[in-house]
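Sharing a structure with you now.
The chains carry the letters A, B, C, D and E, assigned in the order they are written, with residues numbered from 1 in each.
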């Protein structure tokens, strides 16, 4: 997984039908040589802008949504505790 | 997913049979440290050149097409709203 | 797989239900051009901070956990022997 | 998919049994920030050295070959038309 | 696949049970913009240190081992012929 910070909401009115009802957030990778990489992730745990999150990528992101034909390759799966320093 | 801009059409007359009928677009990653990466994505929602799109990659791109033996690893799955700033 | 060093624990109280009970560690890639990349990996073999580990990524990380709907894309799968120089 | 140029043949007499009969080509990524990345791809459409091709990567490359246990993660799946400028 | 050079053996006494009996090698990517990337790959064809090899990554590496729950994401699948220049 990747540690990232939630930057903004992403709105896409025209999209694949199977994506309807999902919330998309722009996240930015934190730390290391990938710092500053931008990813758009589906949010399943109501993350807020500014929060540090765990992002799961690839087929594991799709599989957790319980539908195997949904075009999702990144999902926010956890909020990193505020007092967790790294 | 990745936020990208549609740059051009890609034409390939000689291709795997299972790709016939699909439309291919060249997209360029927007923002972050991957800015400027080029990807060729199948287009399923009639994206136009110049539009900002959501691109899904990997096996999730293939699975959404409903055929598990199609050699596709990137699909345009949404158009980012024009008034969505990020 | 990737050779990495365990840097810290990652705590996330709010997370996907299927992640409960898993231990997450921040690891840093060792050597080569990816040196300094940060990954958050589930730990299945009680790795300690400072140890050099083998990290498996992608769907192979998820599959080893025996649940196909768990949003995990990186797992610590081995401890590199202390006297293994590279 | 990736746009790449075919650079050379790759010969490997000793290889996994399931790879026998496949033709391998060295391709170089064209354009963008990945320009100059080298990939070895199986060729299924008789691409020639110097041609610009579409390369599909990951599990989608393997699945198109109709055998799910073949260790292939990149396949040339199309020839970009000569008059296609990008 | 990736062209790489075998650099060293990797020894890990403590590891996931399903990895027992596998031989791990440190390989370094050859050429292109990924030159110098380090990967740890399982070796299935008795590659020697210094040899140039083909490395398959991702789920295709795992699937070739005939066990779908083994945490392997990279396998050496061929030895590049000595007289193959590229």
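To be clear about the criterion, a residue touches a chain if its C-beta (ideal position, glycine included) is under 8 Å from a C-beta of that chain, and two chains touch if they have at least 3 such contacts.
Chain identities (UniProt): A, B, C, D, E = EutN/CcmL family microcompartment protein.
It should be emphasised that the depicted structure is a prediction, and the values quoted were computed from it without experimental measurement.
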Next item on the list: Indicate the whole-number Å distance between the mean C-alpha point of chain A and the mean C-alpha point of chain C.
Entry: 19
Item checked: Interchain centroid distance [CA atoms averaged], chain A/chain E, Å -> 31
Checklist line | chain A residues counted as touching two or more neighbouring chains | finding: 34, 58-59, 61
Check: Connecting every touching chain pair, does the picture come out as line, ring, star, complete or other?
Finding: ring
Item checked: Sequence of chains encountered when the ring is traversed from chain A in the direction of chain C -> A, C, E, D, B
Check: If you look only at chain B, which of its residues touch chain D in the complex?
Finding: 7-16, 18-19, 24, 26, 28, 34-41, 58-59, 61-62, 68-74
Item checked: Partner chain D, residues of chain E touching it in the complex -> 1-3, 30-34, 44-45, 54, 56-61, 63-64, 66, 75, 77-81, 83-84, 86
